[in-house]
Amino acid sequence: VAQWFNTDSDITLDALRGRVVLLHAFQMLCPGCVAQGLPQAMKVQQLFPASEVVVLGLHTVFEHHAAMGADALEVFLHEYRISFPVGVDSPVRGHPVPATMQAYALRGTPSLVVIDHKGVVRLNHLGHLDDLQLGALLGTLVSQRPDTSEPSSQVGEAVSPGVHQAALNEAPPKACDDTHCKIG
Amino acid sequence: VAQWFNTDSDITLDALRGRVVLLHAFQMLCPGCVAQGLPQAMKVQQLFPASEVVVLGLHTVFEHHAAMGADALEVFLHEYRISFPVGVDSPVRGHPVPATMQAYALRGTPSLVVIDHKGVVRLNHLGHLDDLQLGALLGTLVSQRPDTSEPSSQVGEAVSPGVHQAALNEAPPKACDDTHCKIG
Amino acid sequence: VAQWFNTDSDITLDALRGRVVLLHAFQMLCPGCVAQGLPQAMKVQQLFPASEVVVLGLHTVFEHHAAMGADALEVFLHEYRISFPVGVDSPVRGHPVPATMQAYALRGTPSLVVIDHKGVVRLNHLGHLDDLQLGALLGTLVSQRPDTSEPSSQVGEAVSPGVHQAALNEAPPKACDDTHCKIG
Amino acid sequence: VAQWFNTDSDITLDALRGRVVLLHAFQMLCPGCVAQGLPQAMKVQQLFPASEVVVLGLHTVFEHHAAMGADALEVFLHEYRISFPVGVDSPVRGHPVPATMQAYALRGTPSLVVIDHKGVVRLNHLGHLDDLQLGALLGTLVSQRPDTSEPSSQVGEAVSPGVHQAALNEAPPKACDDTHCKIG
């Protein structure tokens, strides 16, 4: 990764061992990423506590590099209110596909990579994955972590041990809101 | 339960011990049930194998009883191509709220009740629950069953041990299709 | 028509001459009608003043007659908060398809029939029609009425001469709301 | 306008007199424009023949100018397969709001401006306008053009005199498709 946004220090997968990692690879001018992939990644970030599932973005530009530079990405992340850490995949001299994208054999964008608490890649998916299916995978992997204490058998709204209560009801603040940008 | 549809024999929760049970309580003339609850229950049925998650419907009529009798329900289940077992909640003489609905203290429809492999109620939710949240809960509970073998660490599309491959891509057959009913 | 709901007196097309009529033929247990056709008809009713476009429902049961009788329809109209007049298409002895449905040669449900100010049928469409397309047709036909005065050339939010200002922003009251029915 | 895309020659409103003009003002990094405004403008372009309604885009950047330059816009138009002419609003020295945006007193993006056949502005709307409402306005204005011949009273699928038959069923070709961009 050449550069990080939304984090004070560089992020390594080693440092995240013990937690489940959702890596969302996208390009800012990829329609499927903007319409489905990024909103889903934001929903995962809101639903699961960071101690269980860490959401990372990876800007994997493999076409139109000039139009999707770091400065444009910074504006994009601001306008779409993306608050999870996003790394810029390192360009490879003489090759349009950047380094991490090659290392994970990603086939395009959006791609979802899910890594379990041991650091094993458990999903490498091109395109959109249904929320129910992604939720089932993440719930399974969170439960397989060794430090998962037996969840209390409480009845009611408690959805899973670490799931943020009512997290999905809190709309994140937006620069432009969902419907328009106003002249300030 | 007074009567069952979509099953040859009566169903008891005891017989389902060891599996996770999703109980969807609905009324056939409840807009939120038709628009959101029943489609979600059908998606759960398609995604998870019946050896892990059993989906049951419960027709809990607490208003307009005459318009939502067993004959009308049978047509409704046919037209909406609902294939999981549906029980008709037993009416209680002198009380509009039927027996099972009272027993589980359900507050209305749609209600989602999720019961784990030990028979403990883990969710009792009125209204719609986001797919990601429901998937996370079901993935967690499926993983907590004692007979869950360690899933293989295979890379790729394998979403979770027992999840039907590409299940969500198979559209169920329909009498009327999604857009219209034709005169035969 | 055998019976009317949501109106004090019988309705005849002759009495509506001079106005554009949108006739929505549906069955209460037809999924495409419930999901798309009826919500669209309600939106038309809210957007256009009744002096320009009259919205009528026609319950054209051609299958499962026992489950979709007048009593059940009344509950359905109440739960889905349908407030435009709905006629029950007259059954024909020995034939499953009712009388008006035969007269208009409707091929199934949902069907949209649009009649202009002279009483000429201008659309007979099976299935869903896109909102933009239906809006264009209704706008065209409203403009062709002889009594249409030249609309003022006012700038701004005035969408069309008779369109209810901000009509689409007013949600109609609901018995059950969009998401659930509560035990009272 | 400083520059045009998707047209061989400059476009002037005078040259479009006699036709209805839909002007969609947007910024490529405005979420509401990408999710709702641009798809709606594309649908209008497909539904109405260019002899009746002309769809024009106007890239009205009033913030983050560096990230939304003409080169980036060209890639954006390509990836989102926008085929109607798009003008780049001329920057004004010392002022963030560009020239045309000031001239029309647009308050932000997306903005819809609809101009009738005489060149009179009939709508100036900030944010999303419902398809039914926009269709009604366009149908009305198309009908008010002096050269509108009396439409034939044919029955059936004929939606309005000049509407492209089944236009909305033709999906436009896409570089990236709706769900993902693949490495070539």
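Labels for the chains are A, B, C and D, by order of writing; each one numbers its residues from 1.
By definition in this document, a residue touches a chain if its C-beta (ideal position, glycine included) is under 8 Å from a C-beta of that chain, and two chains touch if they have at least 3 such contacts.
Keep in mind that this is a model prediction, so the values were computed, not measured.
Which chains are in contact with both chain C and chain D?
Expected: no chain.
Could you state the distance in Å from the CA-based centre of chain A to that of chain C?
So the centre of chain A lies 45 Å away from the centre of chain C.
Taking each chain's centre as its mean C-alpha position, how far apart are chain B and chain C in Å?
It comes to 33 Å between the two C-alpha centres.
Could you say which residues in chain B touch two or more other chains, in rising order?
In chain B, no residue touches two or more other chains.
Are the chains arranged, by touching, as a line, ring, star, complete graph, or other?
Looks like a ring, each chain touching just two neighbours.
Can you check the complex and tell me which residues of chain A touch chain B?
40, 43-44, 47-48, 116, 118, 120-125, 129-144, 151, 153, 155-161, 163, 168
Write out the stretch or stretches of chain B touching chain C in their complex.
Spelled out, the residues of chain B in touch with chain C are 27, 29-36, 62-64, 66-68, 71-72, 74-76, 78-80, 97, 106-110, 126-128, 174, 176-184.
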